[in-house]
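So that you can tell them apart, the chains are marked A, B, C and D in the order they are listed, and the count of residues begins at 1 in each.
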Amino acid sequence: MQLGMIGLGRMGGNIVRRLLQNGHQAVVSDRAQAAIDALVGEGAVGAGDLAAVVAKLDAPRHVWVMLPAGAATEQTVMELGNLLSPGDTIIDGGNSMWRDDIRRAQALAPKGISYVDVGTSGGVWGLERGYCMMIGGDKEIVDRLDPIFSTLAPGLGDVPRTPGREGRDARAEHGYIHAGPNGAGHFVKMVHNGIEYGLMQAYAEGFDILKNAGGKDRVAAEQFDLDIADIAEVWRRGSVVSSWLLDLTADALAEEPTLASYSGFVEDSGEGRWTIQAAIEEAVPADVLSAALYARFRSRQEHTFAEKILSAMRKGFGGHVEPGHGAPSPAAASSKVAR
Amino acid sequence: MQLGMIGLGRMGGNIVRRLLQNGHQAVVSDRAQAAIDALVGEGAVGAGDLAAVVAKLDAPRHVWVMLPAGAATEQTVMELGNLLSPGDTIIDGGNSMWRDDIRRAQALAPKGISYVDVGTSGGVWGLERGYCMMIGGDKEIVDRLDPIFSTLAPGLGDVPRTPGREGRDARAEHGYIHAGPNGAGHFVKMVHNGIEYGLMQAYAEGFDILKNAGGKDRVAAEQFDLDIADIAEVWRRGSVVSSWLLDLTADALAEEPTLASYSGFVEDSGEGRWTIQAAIEEAVPADVLSAALYARFRSRQEHTFAEKILSAMRKGFGGHVEPGHGAPSPAAASSKVAR
Amino acid sequence: MQLGMIGLGRMGGNIVRRLLQNGHQAVVSDRAQAAIDALVGEGAVGAGDLAAVVAKLDAPRHVWVMLPAGAATEQTVMELGNLLSPGDTIIDGGNSMWRDDIRRAQALAPKGISYVDVGTSGGVWGLERGYCMMIGGDKEIVDRLDPIFSTLAPGLGDVPRTPGREGRDARAEHGYIHAGPNGAGHFVKMVHNGIEYGLMQAYAEGFDILKNAGGKDRVAAEQFDLDIADIAEVWRRGSVVSSWLLDLTADALAEEPTLASYSGFVEDSGEGRWTIQAAIEEAVPADVLSAALYARFRSRQEHTFAEKILSAMRKGFGGHVEPGHGAPSPAAASSKVAR
Amino acid sequence: MQLGMIGLGRMGGNIVRRLLQNGHQAVVSDRAQAAIDALVGEGAVGAGDLAAVVAKLDAPRHVWVMLPAGAATEQTVMELGNLLSPGDTIIDGGNSMWRDDIRRAQALAPKGISYVDVGTSGGVWGLERGYCMMIGGDKEIVDRLDPIFSTLAPGLGDVPRTPGREGRDARAEHGYIHAGPNGAGHFVKMVHNGIEYGLMQAYAEGFDILKNAGGKDRVAAEQFDLDIADIAEVWRRGSVVSSWLLDLTADALAEEPTLASYSGFVEDSGEGRWTIQAAIEEAVPADVLSAALYARFRSRQEHTFAEKILSAMRKGFGGHVEPGHGAPSPAAASSKVAR
């Protein structure tokens, strides 16, 4: 099958590779000519801009947009809406906000252009492992694109089958689902990422507790100098907490047990935030997912204004003085006291 | 190798089975004669009480205690301490508090009896998958017991090897580690369970958000009727959140997509609580692990006293009346208002 | 000064009373004729509908809308926008979302109609204590309405003056501020309510811990049968946690120490939710304010789907069976075990 | 009445002052001679060490220990236990762990020495405002010490009386309670401080959201440059969130609106931690109080190990590279992508 691909970053480029390696054709475009050239060398057709992509595709055209969510995707989808013809389809494989999908689909419908939102998980490993895809859009279009999705998906692989799934949609077992109408694909992917944050933070806190088990506040027999890398490794087999994220953690710790080269400055993307927003709209308690997001917010600041408020209050009621923040009186120094 | 086993529940019984199936001998005891008889039928030697276990083992004896943490384990360990001889070893494979391990090891040392604490993960799947073990104790004893541990452990299996582990302790890759001195085994297992709570809660919140995505508070195009079972299944392949816990969730949802037969009353055990205690002692922020624990506390109450306090305050400042808690005045009913 | 008031509920009615008692005039309207009549009896002019309100006011007119945030307020503001004349002003004293204020102000501007958003705190106590007001809008209009605001505000009262405020805007000390342009008033009020949720939850959790201090899990000497009502009372004087919310809690506990008549079903309103949304937009960690909101969400459900997911997982890995959810096997019953 | 006081820091010294100013006698001791001298100048009797304190008091003696919780208090109480006589009483007015109180009282009982634990709130303001006291111990002793407690307590003051307290223990209204047997005083004070942390964090998060309301991520009309000091002030009158902690915040912000001189490094003391421990023992959800504690833990670290784990995972699955942590490939730079 033939697919246009806009955006050849880590995800877009490898999606094209996986398609080319399995007998599909691709017309590819990117701001960076080097990225286009690399894929042309692997069998893709290069195109300098959106118009060229459209011109080089056969109707009905299918153009996959794999760009950062937000302005880049919005602008590209809207421009494609002006270039494409009735019967064509735009696929947004990025991490758009699901409400944007609904709006775009409604805007494109009068032109006879279909829109499909695909939440795509797999990261830099997708070329090898395949991409887990959560798809939103009209059944007819999603079915028509099935050759693309089934190629990109991981397939059954050697993951044990889930008992009792006979008679259910077989696509789920192959690593992709038609989640529902427009927006549903990115909604499910959004929650996927929200869960991802929570899982990551759970591991992170646990390893932090292990790392600090040698604290000198404890008596000698209670101070443990634990091998964090070995612990990550041992949990990969037979334990309740084994997971792919744990595998990656074990990789990183085997490479550098102290993780000293990492700053610990952790970014977050839209999906984590939108997940909380969805939880709040639905009145679903999401304590863990929220805490995971906030830990990232906090990681990017030296100190919050909130903490300065706390310090100011403490000085106010107890005369507590921060290290270096003024000198306590002699009497105060003589005995630390209750307040 | 020969091992005594006290406690033949879901874990103890299967541990014995895995040992018997791999050429080891076992002397087994349990309060329930039927549990003993079942294992005798599979090749174990039965013993009616602790003294009989000790009598039927060759010196140096190794006795594994697999009982509920707390009084049952404590009493059994102490009684064994009186029955065993210098050179013998007690292994606590349950979920004891790590400080109890240190205390017990110190109490047994003058008698020449060794103590080993083994955090054992694997649940009802251990017989088939093997048990992930985190071991605390003296190197000499842990090494001597290696035939037992290596048999119980999952082994390399088909889990991909972690790059860069050349030269590191090979036991971790086989699913067991010597974590450190007494207490270290259960400390690591404790944190393992703390993480487990956090992971479970992250998935649980995410599925809750998906389940409620069809909420009528949203406009029609934004109401999604998502297939939760298919979503759990699709994430098992190629996604960032794939894990064994997700596999189990997919199993349960394939069997019963609504989970209607579950009450949602969720118990917790000591390790989750002690993990938070350890975090607090070490001044490690553990927001996610704590929230996961509290969600379980909350699940077991109809209403908390805290919530009644909130209701009482709201009535106090805003005249807010709970459903069924007195009738609002006509004027109040005419227009809901700000406070 | 003359003010129109739409909505005579607990807040609107008392605002009018406070104005009437201090020499202002009011034209009042409500869906409930009884509410109108009551205020007419206290000196207000009654009006059957919005058009009548507009007709009975002198230009430039000032109409205060005190209705539930959402559709009721939106519709009323829009209708007034069609009835009023250039130079008139609409004041939204309810709990509108601050972005709605910005949109409305922009929609009304071309008609020459001003819009002022007033976050109003005070609840059922405002008539007596005065109303704390956070105001958003153009300086000229806010200044023109000062006679209204200064009357409604609590004034200096007997609250000790804050040292160092010489030269600062004196209105803050009197209980009202011009927070900024449109939306700023309700933004500040929104955060006020977000804080309110956090404060309430902090007290609620603390009292819950006190209430459960007699738990039978503790040895006898550690079981305290605390007098919650006396504790709330004692903290009102000289303690760090004294506050108006504590005063209200002491009131409620003096009336009914067990709070048994309260269900503990706790509602939340928009401001608590929007506060979290604002925090997320600003990447500000808001763990406490979020947790307070989620506690309310949770209070309104018998069990969450999240909890059922937890139960299902626990059954999956450990064979843990909920009370009443199937019968454990005899062997399982003989000894509870680690997983 | 005559009281011995050990520890003349900010709390101990002012407690003595308040007693001296109201007709009581005090024998005082401190490691710092200057602290003793100051109080001798105000009418106290100075004593160089514990033995001297005991020698200068009339039997039955009452010695108040006002030292940092932990080793200093423990050692002093034990030493006093050896110096005092049957019928004497030791009062621990600091922030001891409540279980230590129970243990000490049990250790002193055979000697005929009574022990009273007093949770004392008031900070540097106690001299002027009086001290809120939560007292644990035997009724007879607590009653005997009433002249001391009633002098130190704030008294009714001008705080409005709580309706419905007729017939209840009048001491609560005067700012002190006999909470229960030994340990109960410090237990209640512990929870008081736990609540204090939660209240402080609620305000802190709210002010942080206000502070960041001018964020450039928002469109111009939505960027508010709010006057934080004025907001703190305005909420002091007529709002739902008025409190003594808010008064102190308004003080600090009036003095320095940016709080720039504060580092935001926030200490915590034992009570906040023990409160969480108590909540966990009682299975009481304490999300807010825990989050408040963790915010302090986090404030004292540049980066947590948890955050480095997160960074390592992100690099693992998405090739996400931290600022300054290696250079992304050209292709990756061309378009940020989904994972």
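Descriptive notes on the structure:
Everything below uses one rule, namely that contacts are C-beta pairs under 8 Å (C-beta built on N, C-alpha and C of every residue); 3 or more make two chains touch, one makes a residue touch a chain.
No experiment lies behind these values; they were computed from the predicted model shown.
With respect to chain B, maximal separation of chain centres occurs for C (centres as means of Cα atoms). Chains compared, chain C against chain D: the Cα-based superposition rotates one onto the other by 180 degrees, nearest 5. Averaging C-alpha coordinates per chain places the centre of chain A 29 Å away from that of chain B.
Each chain gets a centre from the mean of its Cα atoms; for chain A and chain D, those two points are 42 Å apart.
For chain C, the set of residues touching two or more other chains reads 121-123, 201, 203, 205, 208, 212, 240, 244-245, 251, 281, 283-287, 291, 294-295, 298, 304, 306, 317, 339.
Against chain D, in their complex, chain C makes its touches with residues 99, 102, 106, 121-123, 126, 129-134, 153-160, 162-165, 168-169, 171-177, 179-184, 187-188, 191-199, 201-203, 205-206, 208-210, 212-213, 215, 217-218, 221-222, 224-227, 229-231, 233-247, 250-251, 254-255, 275, 278-279, 281-289, 291-292, 294-295.
Chain D meets chain A in the complex at residues 7-13, 30-32, 34-35, 38, 66-69, 72, 93-95, 119-125, 200-201, 203-205, 207-208, 211-212, 244-245, 248-249, 251-253, 259, 261-267, 287, 291, 295-296, 298-299, 302-320, 322-325, 330-339.
Chain C contributes residues 240, 268, 273, 276-277, 280-281, 283-287, 290-291, 293-295, 297-298, 300, 304, 306, 317, 339 to its touches with chain A in the complex.
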